[in-house]
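Please find one structure pasted underneath; my questions will follow.
Chain nomenclature is as follows: A, B and C, assigned in order of appearance, with residue numbering initiated at 1 for each chain independently.
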Amino acid sequence: MYSFLSQVFRDEVGWQKVSDFFQEENMTVLASIIAQLPPEKAQLLNQCLSNLRESAGRNFNGKEKEFGSLDLRKEFAYLFLTPQGVYPFESVYLGKKKLLMDKPWEEVRAFYRSIGIEKDKSEIHLEDHIAVELGFMASFSYLSGDFLSYEGEEKIDEEEKEFLIQVQHDFLEQHLLKWAPGLCDDIMAKTRHPFYHGVAALTRWFLACDLSMLEESLTMLTVKAD
Amino acid sequence: MKYAMLIDQTKCIGCGACTVECKGKYEASFGVLRTRMIRYESGSYPHVKAAFRKQACMHCKVAACEEICPVKAIYRVEGENGGMVVVDKETCIGCGTCASACPFGVPQVDPGDKKMEKCSFCAHRVVNGSSTYCAEACPVGAIAFGEREALLAQGEERVKALKSAGRSKAALYGKDDTGVLLVIDGDPESLGLVKEGFTLSAAGWEAISSYGGLAVAAALGGLGYRLICDRLEEVKKEKE
Amino acid sequence: MASGAAVAAGAAGNFLLSGCQPKEDKPAVDEKPRKPLPAEPEVTASKFNVCNVCSANCAMICDIVDGKVWRIRGNPDDQVARGRLCVKGYSSYKMLYDPDRIKFPMKRTNPEKGPGVDPGWVKISWEEAFELTGQKFNEAKEKYGPESIVFFTRPHDFAVRLAKAIGTPNLVRHLDTCYTTHEATWRAAVTGTGRPWMLDIYNAKYILSFGWDQPAKGKNMSAQGYIHALNNGARAVVFNPVLTATAALANEWIPIKPGTDLAVCLAMIRLIINEELYDKDFVEKYTTGLEELKAAVQEYTPQWAEKISEVPAATIERVAREFATTKPAIVPNHKRDAGGPLYFNGWRTSYAFIILNALVGSIDREGGVVFQRRSKLKPFDEVFPPLEFPAARKETIMGKEKFPIIGPTGKLGFVTVSEAILNEKPYPVKAMFVRKQNVLAVPDAPRFVEALKKLDFVAVADILPTEIVQMADVVFPEPHFLETSGMTDRVYFAFYPQIALKDPVGDPLYDTKGYGSIIIGIAKAMGLGQHFEGVSGTKLADEQLKALGSSMDELKASPNGLWSDQKPFKPREEFGTPSKKIELYSTVLKEHGYDPVPTWQPKRELPSDTYPLYLIVTRHAAHRMSESQNNELVMQVAPENFATLNKATAQQLGIKDGDEVMVESRVNRITLKARLIEGIRPDCVCVEHGFGHWSKDLTLAFGVGGNEGDLVPGFSVEELVAAKDPSASGYMSDVCVKVYKA
């Protein structure tokens, strides 16, 4: 899930990625996870997913496998590359100066460093770009054998798992949830295209749900440890 | 008073280098400036004079803001009854009493964090032996920062030189009252400055304070007692 | 946190109850736990760079804190900066972090163009951007000839070579709005080549300014020099319709009538010659034509000049005598002073400046106007010898071939570009390559927008999504100057050759490419890659330094980021005219059919009943042309521009301070806020340049203030030829306006 969202915010998105995401296998896992949520939240997320699926179906066809329709490409540039759209950077959302590489960027970087990681040189976006932050969550949820990473069956010990979940929890709480909902609201308000509206709605609700699920996992782990 | 800043108004070109250099170094909301540049005019066309004044905290010897602050958020970094006047942001409740009491209209409440914002004389740099950002930045050397005694002498010398060059109104402003010394050419009023000798003595403030700082605040600044109480209540709630 | 809350609550309780409580009950200051003062951030690296905000190119030291620019200082060993920068340089790093910057190459999908039209951008790869541009340029070249492709840029070596390789003679440049008057007169009467850029104001004892206002515009070396000189007892007299900072700090401000400085200069020249106050030694040794000049200026008495300029004859006489008898004295010039391309008589005024400086022996002498001692950099064509270029047409859209003095420099075209494109004169233009030039800089900007609409294809290389980017078909994102490397020669103040290092402050923020790479990319896509075989900016810099006996590695290792060749200053004894002397009566001008001496000519437009006010244009010290209005730091110092009026004039017009007013000329009108002062002539309105942006992609700049350039008419080449002006200049303030409440 995180990986998909990260890719959608990173660059123009083609049919392949979208159809990969919506393939049966993936959806089954996702559905089983969503089923664990309280019914209200689950319904909301399912609604977001089906809306997105519908708009995606309408906007991709066989010819535009690589890029998606021209409208969708224009919308990507409008939303994420020109100032009339949104600034997908935590620094702009939370910083006083509305500039890049301001205090919040320093804090995001400090967070990555605190667990001993740094942005890859090949990553063209800044550390606090929404795609990079979501990508960070994707890596960690994969590692903790969480959610969608159904392949990650290898056993990891509980302590390590707790750490990985704690990191995700903290990053969500201290960073993503502080600004991504605002970003998603802005996208929903500004976009002229149902696909990005769907993506933003999904991101917004998914992040909130993920936090509560992570909290639950943490409580469970703590109980076990006790 | 150990330190002083000497600003030479007869050199200032009003470019704003001090403003941007300062603004870039301290966190505050857009438009909240610790030092700003104001153009003053006197006379009428064609007999007009103009000068630029760097408007920032004057670091008064006896500072109205310090005396009147209801929560004692304004204090001095070092030196008995002198030195740098700074704000403790943890304590500040953003009531704005200081702004209304200041004879130079300097303190501003940052609408972002609701804390008072003003020039600190770069206290954190000065205690480590550095100068202020603005003095280091000024392209024409109109701002000097250092030991007060030396700058007093430098200012007096400059005034003497200006006078001997025929500028009879040249004067050094702030000798007895403020941490900022200004070389001016004309009446203080023409630069929006209050007449010298404006500060009450420490004893005067003590007398007033003994009747309750709030009453003084209300009387001086027209800021209601109620307003401060409300803000205190708000802060209390926020902290809870 | 908890202790802070307790203190606040305690204090509150105390006060709420207190009323008249004795002082001792208040918490004593000493008892309060004060947070220690914050530590200054630790600088992790300091990088040398060169400011590219203006052409002074001050050498900078950029203090980096953990990957980010924290502070920029002036390099103390640089002759220009002398350890300080101007307000523009200090705030320049904010543009680096501007989230509005162009992030990736993009192409337009909406064929309709114009203000307020969404271009329908789509992100594309660099390859696609080059291919598309190459294809469109080649199409234009094949169908309409290579001259249908126009370069709208500064003359970067790479761009000039690409233009030559394509075979277009059309490199449109902005200098006819900037300083061609100075260039043309110095070229004709003194140098045979360029103009001097260096003013040794530092050592001057008498500064006579006619609209020269560099200190007020914050120009680093001029401001430093001016204040240094005044501090040393120099006397300054400023003729300016507006009481700017330069005028306010001077000993005397003389509010002269706009466009009449030439009359005062002529009267001063006459007096200095007639009273034999000139530097006889210098004039004898280094000039020719004194007798012809003397004869030509006899009609210009101080009384005559008073009638034209409203400056009392006695003042003109006194200042002329002071100027001629105080040494060293200088009439400084830079760009848009009274001798700049502001008025119909601008070139004559500039020539009069040269004569005044020559009469007091201040040309290439300490305290005067000095020829910068530049480094002898090996030319691009020597480092990378060119292949044979196709023959280009002689006729240009700028009319280069019609201006024998300024034409060969190629420093013209902005004033006439709109008419050339719209009227297809001398031939149609179909495609344009633009780099960091904006719509707002062209006189009558709305007409230029119409001209741009007429083109089939526009490619733009820039940093910010400005107005011209909104008119583009393809956009190439460039890095901010702090992200670039290389070296830059000292020009605006160089008593000896000196070169400054540019070392990037960090990795580029976006998917940008340097200008050189962009040019080479286009060349390759056009099938012209062979002209750039082995060519690179890095190699050029290195080869040029090697030719000077240094190298890029050596410069990088230099402790102050500078290469200097501290030769002593030797005043020039010979000049570049046919007589090898400064020609007070120019044989070159005469030969080409221009007036050989600066005789009187009024400005073109005079106040009328319809347009009763003179338009004066100035610049705020914090702003750089139309490039800095999206800088969050700059915009806190100078957030908008105004229509500045004299209080008495405003009263007559029923305008109050802060009112919205219309300023209208015969070509356009703009809306501004009124600012009322005493220090301006009552027959003038003064507007700061740089505002009036209509690109919605400039978040801070959009919709703020107005562009005074909209009020200034453009011209056709034919009209400029008819004006008999050797500088083909733009008359950027020679327009009258009316002001009324909006």
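By definition in this document, a residue touches a chain if its C-beta (ideal position, glycine included) is under 8 Å from a C-beta of that chain, and two chains touch if they have at least 3 such contacts.
Bear in mind the structure is a predicted one, so any value in this text is a computation, not a measurement.
J.: Averaging each chain's C-alpha atoms to get its centre, pick out the one most distant from chain C.
T.: Using the mean of the C-alpha atoms as each chain's centre, the farthest one from chain C is A.
J.: Find the two chains joined by the most C-beta pairs in contact, please.
T.: B-C
J.: Between chain A and chain C, what is the gap in Å from one C-alpha centre to the other?
T.: Here the centre of chain C sits 47 Å away from the centre of chain A.
J.: State, to the nearest whole Å, the distance from the C-alpha centre of chain B to the C-alpha centre of chain C.
T.: Result: the chain centres lie 36 Å from each other.
J.: Could you list the positions in chain B whose residues touch two or more of the other chains?
T.: Touching at least two other chains: 30.
J.: Which chain A residues touch at least two other chains?
T.: Residue numbers touching two or more other chains: 97-98.
J.: Give me the residue numbers in chain C that touch at least two other chains, ranges are fine.
T.: Counting only residues that touch two or more other chains, chain C contributes 94, 632.
J.: Which residues of chain B touch chain A in the complex?
T.: 27-30, 112
J.: Can you tell me which positions in chain A touch chain B when the two form their complex?
T.: 96-98, 103
J.: Along chain A, where are the residues that touch chain C in the complex?
T.: Those residues of chain A that touch chain C are 11-12, 70, 73-74, 76-78, 81-84, 87, 89, 92, 97-102, 106, 109, 124, 126.
J.: Considering the complex alone, what residue numbers of chain C touch chain B?
T.: It comes out as residues 1, 4-5, 7-9, 11-12, 15-16, 18-23, 26-27, 29, 32, 34-35, 37-40, 71, 73-74, 84-87, 90-91, 93-94, 215-216, 218, 220, 223-224, 226-228, 230-231, 233, 243, 245-249, 253, 255, 621-622, 632-634, 636-638, 646-648, 677-682.
J.: Which chain B residues qualify as touching chain C in the complex?
T.: Residue list for chain B touching chain C: 10-11, 13-17, 19-21, 23-25, 30-31, 33, 36-37, 41, 43-46, 48-52, 70-72, 75, 77, 86, 88-91, 93, 123-125, 127-128, 130, 136-142, 165, 206, 209-215, 228-229, 232-233, 235-236, 239-240.
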